[in-house]
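What follows is a set of structures to go through.
Two complexes follow with chain A in common, the first pairing it with chain B and the second with chain C.
Up next is the complex of A and B:
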């Protein structure tokens, strides 16, 4: 495990900034309760308290599987892929959200895009290609994606058109548990 | 009169069943119904043979269960192994409340009830029109599918917020995530499992349930405390023969023979000593070890606990669990420390949960007695030598 390089930090924070504001990213690191950090381990970025990170350091690289929360993984080409495992940190801070109706929950949780006919609500002033958190109508975070239409455009869209491109969803805990971590 | 020979093979199940009933009847009124030529032992042997035949157990296991239970209870136990235990779930209090979760599931048409007086977080699911392991609430981590008996050792461990806890054999994390909930996601849990494949499910469960205070590692449990020690509490949910969960895995009935049980027992003893050595006796809030198995074999339960009592500076304490049968202080030719009555046994036929064993230790000192009562010839006295580890 090691701290992220400046380059990695930049790529990673840029990805996070699609969902939460830079001020909120800062809040993840400047916490009043304890000091927290991001660390790279086997291409994955983990977020943990310093205390947990230091103890995790006692384990050999091969034997250490995970610590704190895994936010995602750097691909071979140096891009950062955000995992649904980061959802609990993104959802509370997210600026833009879409809410899917009960009839659309299953579809999204199987990895499909959100259709207009499934759209319950969307944050006002969401622009096109904005990172959004996908919620159930009862405010349970289900995953995240990218808006395919702005809030304005959504109003006029026909029922079968895509309003949010799927990126990650908690259904992956069943579908890809094996490859996830 | 009951014809006790010839042995019925291959089994004609109806005949075998009838003969089981007849033999039980004879044993129940031996003087009057017996064949004067036959001894009680002949009938018992026949019964055991027929039961093994009828329920598909090997002779060794059937003998072991006969040692544990009288005939009436043995039959109840064997019958309970033929039916599934109720589906139970545990509310993840890091993300939901039992009342809210129950309501959300009821809205999906699930028929459920609180699991019982003893738990504030458990729910029993009677039937469900949706797969209970795939609802949005499940995927969002509001609950864990978890057998009732698997909640008990975590309640016994009673980890406190801000403690440092080791879950030595933790995959797939049913207990780890419950420990984290009781600690309110504070402090630190080291969740270990030697099996890397199983660590994936463990890691997924930890993330799904929103547990953030945990390190997942894949070491042999015996490597503790060499790698990390000084824990406030350790849970050892040991690998075992699975004789308590036959309704889930019927292969146990025919697979497990004496050498399997003894091999488990050996590993369990080693792991338990490691678990004890990983705890700091001077912990201001803890200093506890909980040992549990889903086997009801004395060799894997009381025997292992008794072994540790003799080799480490620990004592048994109450598990704090409201129900369960007392552990054995003697079993056949074996004698165990009298405090083994503080341990608890759970049976499928009695508690309608998987067979289980729970023991809770308090560690008294970080010193390890070098040998159990080393006898010093010259002094003609028993001296205890202590070494620092």
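Up next is the complex of A and C:
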């Protein structure tokens, strides 16, 4: 376990900034309730309060599986990949959202892309390839992905065309339970 | 030595018991005679004795130190007895013994030297089937009617003492033929020296391996790639700042310097300052202009082009434009295009 280097922090924040604005990233760091921090452990980035981090620090590197919330991991090529578990922090601060109709929820939770026919609402001024949070119509966050089309294009799109590329969904908690972390 | 004299009061004669003296002596010095059931093998050349007699386990267990000492003494005595059987020589104060040739074959310390790899000529001769023939060192010189060496100093072919030289028909008449001969000899010597050195080089161990490795293999081998990586590393760090301020090309990777360990921040450091650094990075991200690629692509390129071409034509009419000036012009136009496509994330 160690703090992220400047370079790693930059890569990580750049990825986060695709879903939540840099302003909100600052909110994650500067919290009024407690001191929170990001820590790197086994190439994974964990977000935890200082207290939990210090407690977890007592465990050997090999024995420690997880602490706090896992945001994602650094790939071997140095890129950052967000994990499903980060959704809890992404959803409240999300800038761009996509709402899925009840009939499309299941399809998305099975790991499929969001189709135009399943699209309920979309944030205005969503550009192409923008990181978006996928919500159900009752505002329950289901996962996140990348917009395949801008809001303008969505209006004219074919019902069977893909609107949002699937990246992660809460169904993963069941589907890939063993390899989640 | 224990004195074993007996004194009789009557005649005060001293009687010495010889037996007891001898016994005492024998107790002090052990006998040189050693008895063995099985004769040991002795190789005097190596001063070696191999005791084939089985060890009595009971005797050994009773007192291991003493029995081993006894065994060692007996065997050494045997060896020395054998040495004494050899003819001796008196040399001043010393007695010398000539040891026989060793019979036991001892393993060689170093490996057998490898045969020298053939020289270039030997290779050629083998390929052509040329065999060495024995030639005498001296040959008969017809001119002087004496025997002279075949080559080298004062040889038959040595013409350095000639006082006159023929000028060949096709040669320049003003050329110094003595000088030509001297030069030719120098060149021959130099050529031979070069060939000699080449043969040595070929004989060097690594030469063949290197040659074989580079032969017929592409630059995609691991060794070749490592060489390339090393070259890049050297190039990156060969600046006044040792590569600290070296600009990295778009596709280039910043290679980590060998032997320099990266220093990571401590885990239990100051969380506040760490947070400050994180906030700073987030701030920079907020301020960084984001290039909206779809917007940039969808900008009206015809208009831009038209402007540019107009501008270009105009400037061409006024003065001759160098290549560099044109380049900077192009950069400028790109910049304007980019800045119009840039939007701060805050605007959204």
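We take it that the second predicted complex is superposed on the first by the 181 of 181 C-alpha atoms of A that agree within 3 Å, B and C clash if a C-alpha of one lies under 4 Å from a C-alpha of the other, contacts with A are read in each partner's own complex, and residues count from 1 in each chain.
Quick note on the criterion: a residue touches a chain if its C-beta (ideal position, glycine included) is under 8 Å from a C-beta of that chain, and two chains touch if they have at least 3 such contacts.
Keep in mind that what you see is a predicted model, and the values were worked out from it rather than measured.
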| item | value |
| --- | --- |
| Side-by-side fit of chain B and chain C on chain A, or clash | fit |
| Chain B versus chain C as contact partner of A:70, first or second or both or neither | first |
| Which superposed partner A:5 touches (first chain B, second chain C, both, neither) | second |
| Touched partner set for A:110, first chain B, second chain C, both or neither | neither |
| Angle at the Cα centre of chain A, taken between the Cα centres of chain B and chain C once the superposition is applied, in steps of 10 degrees | 100 |
| Partner chain in contact with A:165 - chain B first, chain C second, else both or neither | neither |
| Partner chain in contact with A:58 - chain B first, chain C second, else both or neither | first |
| Which of chain B and chain C A:138 touches, first, second, both or neither | first |
| Which of chain B and chain C A:29 touches, first, second, both or neither | second |
| Chain C versus chain B - closest C-alpha approach in the superposed model, Å | 17 |
| Residue numbers on chain A that touch chain C, as the complex places them | 1-3, 5-6, 9-10, 13-14, 17, 21-23, 25-26, 29-30, 35, 37-39, 50, 54, 57, 95, 125, 127-128, 150 |
| Chain A residues touching chain B - in the complex, by the definition given at the top | 48-49, 51-52, 55-56, 58-59, 63-70, 85, 88, 105, 109, 136, 138, 140-142, 169-171, 173-174, 177-178, 180-181 |
| Chain C residues within the chain A interface of the complex | 262, 264-269, 271-272, 274-275, 277-279, 281-283, 285-286, 292, 294-295, 345, 348 |
| Contact set on chain B toward chain A in their complex | 104, 133-134, 136-137, 139-142, 188, 190, 196, 199-204, 206-208, 210, 212-219, 227-228 |
